[in-house]
Amino acid sequence: MRRRAWGWTAVTAALVAALLGPLYWAVLSSLTPEPRLFAAPGLVPRALVLTHYRALFEDHDFWVPVANSLIVAGTTTVVSVVLGALCAYATARLRFRGKAPILAFVLAVSMFPQIAIVSPLYMVLRAAGLLNTYPGLVLPYLSFAMPLTIWLLDGYFRQLPLDLEEAALVDGAGRLRTLKEIVLPLAWPGLATTAILTFLYSWNEFLFALSFTLGPERYTVPVAIALFRGQYQVPWGQILAGAVVATVPVAAVVMVAQRRITAGLTSGAVKG
Amino acid sequence: MRRLVAACVLASAGCTSVSDRVLTFSGSVVGRESEVIRRQLDRFQRAHPSIRVAVRATPDAADQRHQLYVQWLNARASEPDILQLDVVWTPEFAAAGWIANLDRFRPPGHEFFAPAIAAAQWNGSVYALPWFVDVGMLYWRTDLVPHAPRDLRELSELAARARDDRRVPFGLVWQGARYEGLVTVFLEYLGAFGGRVLDERGGVALESEPAQRAVAAMFDAIYRDRIVPAAVLTWQEEQTRFAFQNGQAVFMRNWPYAYALLQEPASGVAGRFAVAPMPAAPGGTPTATLGGSALAVNAHSDQPDDAYRLVDYLLQPEQMIERARIAGELPTRPALYGTRELEAAMTMPPADALAIIEHATPRPVTPVYSQLSEILQVSLHRALTRQQMPREALREAAAAMRALLARAKLDPPT
Amino acid sequence: MSPASAPPPAPASWRRHEARLAWAFVLPALGLVATVAVFPIAWTVWESLHLHDLRMPWLGRPFVGVANYVEAAGDRRLWSAVGHTGLFAVLTVSLELTGGLVLALGLDRLRRAAGLVRTAVLLPWALPTVVAALIWRFIFESPAGLATAMATRAGLEAPTWFADAVAAWVPLVLADVWKTTPFVAILLLAGLQAIDPALSEAAAVDGAGPWRRFTGITLPLLRPALLVACLFRTLDALRVFDLVYVMTGGGPGTATEPIALYTFSTLLQNLRFGFGAALSVLVFVAAFGLASLAIRVMGGDAFLERRS
């Protein structure tokens, strides 16, 4: 019995090491001076420097993409959670015809391949003068954020206990008031989870950001790192430093909210 | 009294904001180029107090800058007013009506290198002016090899011998990643055998004997003679420079920018190398692919005259020499070569540079050059990574190019 | 909805009021989705019927009917891209399901530090794909990256990874498996934890060994979760873009180019909007068709059933 338990622990430990190993290597390399980057690799660092991070922020103004990502992801999250909660409350609790088609529609949209809507969105944004602007990114982001929030919150609202709502309704409170004063406070864990997942997906998004921004002043973090190239070269030290910086907020969110994230992922069998 | 002063200040502020013309300049502002351009723009603004120049940053990689330009110009943006164009973009932008015809300013075309000004023309008119010139050249280790190779076969022999005798890992390195650089290298091999991509009528000449031999030469250099490492197929300019700089290669094909960097104290080969044109096949003439940049004026600019004034300023000999000194970029005025000023400004001996520029060959001058290049990049890379036989790859490339030219209605009249 | 949780019946006027309120709640969200997702699809279809090349404005934008689709059907590069996408999907999904299952089984048995391990495990999943791609590209750089160094130390000759049409798949698949196995593991873990341990204990009492118990009880009960994971991961693998764009750019040559990357380079690098729109439509139809098929196979009403 005990042997089997040790066996599983070993396997799990090996897998966890395999998952964290590359991250460790990346962080280590981002602190290694350039000439030693491709020298004989060792697990234990010999010299640690901050030059890459300094170059990243001083020479390349990495604050700009970080700010852009925060603004775009934040706005997308707020808009999609608010509107999504409204819509999900209706599909979860109110009675009307058209619920199933709406949910089927939402599920269908969540399966759209992004590449299929890139070019028309590009043309529309260009005509509206919204290329390389914040709204020009938030609007396309809503195309995947809204189905996500609606689907997740619908599932969440459905499994909230009904009694408090029913009591309020019987007492004569309107639907809107019920929503505001009773349901939302109860639902805040689900709202938080949804917000976290939406923020993560928006922060990590690449294709739309690559297509709809035109210059470094509006690049988001993933785009800035991917396009991080001098005229002739690939500065690995700085790229890895950028990668680490891009990971920090994500890692922080995961550490704080891993339970919520797990619950959110499994509740709606969300697209990975 | 204070109110009077305030009123004057306000009035003058109002005045300057009305008569201030702002030009937007878009180009490469990375590293030393940034220093040069800012100095020169400052001087220009001091000489022309009513004009302000703003610099609009663009990505440093050429293909990204190209994509950005196409998006802006296709949307008929009036800014930027002045664009730094890669030498191959001029016909494309001219044919699309995105850059202004400069003939009315009577630009002094004869003052620039002939191939450079030829590459800046379309349909007989001048659409851009050559700013700095780049040519592909062969860097060779003077301490490992007695003299520059006189032809490709000698290059092979010298490289193999030096590699074996002196235990240098690589004989020759060039840029072989799937990008424009690969095409520039190929064109030098192609020219070495006397071939061309497009013939005089504008038809595709890629299935010719010279083209086959050129690809075969590149292929054999990697897999048969083993003087070129397979790793080059993922390398761009800097990776080849690092290899040469660390003493790992006997020969390197690269652009002039590397010269100054290789002479720095930290370099492992400082003082032990020289440059020569890429050699031709026995009996042929050497080819140096023409690179560099030109300056053009946005066709939809609100201030074309001011824009041309800035272009003209940046192309003056004084500015070119400063650019050579700080950024290591070669002037496009033949008259400057042989002057003491340029000699003092450049790390590379101007005479050596001039000897190579004499062999400069522009890439095919056609509005669809970028698309042709993409087809060629894919086919060449497939052939060189052994996914396809070279003959087959060239055949496919030629067919795709013909289809492209037909689609663009640029195919030669039959 | 079970009767116990249904709200009490209401008069007709109240129901009409409720319906109107519901639509008021629903329309802003739906309207946005329709604008940014559905309307563009309609536009793409219309665009695919035209010749529209932004780099050749002298050609105009004429209506050409199905000419773009005909070109696509004969386009060798497109069919290669389809093959690459399929290969990528098969390799990654099979590895992720296996790895995810093993990891889930291991996580299930954790007594201590479950939270810490879950955090560690979620990190690769939560990263931007771009970051994962760059990290693995760095590891597999030639000639002196970590992978080559390790191979050399083991006495093997490492290929120039990204210059070899076959070897380039190794870092690609590894990076994707590394990043998404955690997601699969979490899904399967939830399924595992929903299995009643009494069943397993009863089987043990009856003399069934651990493997027998696994294949006879655990796997069958895990089937729904496995199918969900398989469906979502397959759909995502078919849409792969970020990873390949950053890691190989589709190279060497076009040996690793998936269909999303080919469509992207046609649209936004080559600026051939008409032809690119036709490719987009084909991708859309394929993704949609596969998704519908999969949902039907999985007994998809189950999906929506619990929702209405």
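Each chain carries a letter (A, B and C) given by its place in the written order, and its residues are counted from 1.
By definition in this document, a residue touches a chain if its C-beta (ideal position, glycine included) is under 8 Å from a C-beta of that chain, and two chains touch if they have at least 3 such contacts.
Here the structure is a predicted model, which means the values were calculated and not measured.
Q: Assign the assembly's chain-to-chain touch graph to one of these shapes: line, ring, star, complete, other.
A: It is complete, because no pair of chains fails to touch.
Q: Using mean Cα positions as chain centres, tell me which chain lies farthest from chain C.
A: B
Q: If you average the Cα atoms of chain A and of chain C to get two centres, how far apart are those centres in Å?
A: Here the centre of chain C sits 15 Å away from the centre of chain A.
Q: Quick check: how many Å separate the C-alpha centres of chain A and chain B?
A: 40
Q: Can you list the chain A residues in contact with two or more other chains?
A: Expected reply: no residues.
Q: Residues of chain C that touch two or more other chains: which are they?
A: 268, in rising order.
Q: Once bound in the complex, which stretches of chain B touch chain A?
A: 28, 30-31, 56-62, 64, 68, 71-72, 75, 236-239, 241, 257
Q: Provide the residue numbers of chain A that touch chain C in the complex, in ascending order.
A: Contacts found on chain A: 4-5, 8-9, 11-12, 15-16, 18-20, 22-23, 25-26, 29, 38-41, 83-84, 86-87, 89-91, 93-97, 99-100, 102-109, 111-124, 139-140, 142-143, 146-147, 150, 154-155, 158, 162, 166, 169, 175-176, 200, 203-204, 206-207, 210-211, 221-223, 225-226, 236, 239-240, 243, 246-247, 250-251, 253-255, 258-259, 261-262, 265-266, 269-272.
Q: Give every residue of chain A touching chain B within the complex, in rising order.
A: Against chain B, the touching part of chain A is residues 126, 131, 214-217, 227, 229-234.
Q: How about chain C: which of its residues touch chain B in the complex?
A: Spelled out, the residues of chain C in touch with chain B are 53-59, 142-143, 160, 162-165, 249, 251-255, 268-271.
Q: In the complex formed with chain C, which residues of chain B make contact?
A: That would be residues 63, 67, 70, 74, 92, 95-97, 176-178, 229-231, 233-234, 367-368, 370-371, 374, 378-379, 381-382, 385-388, 407-409 of chain B.
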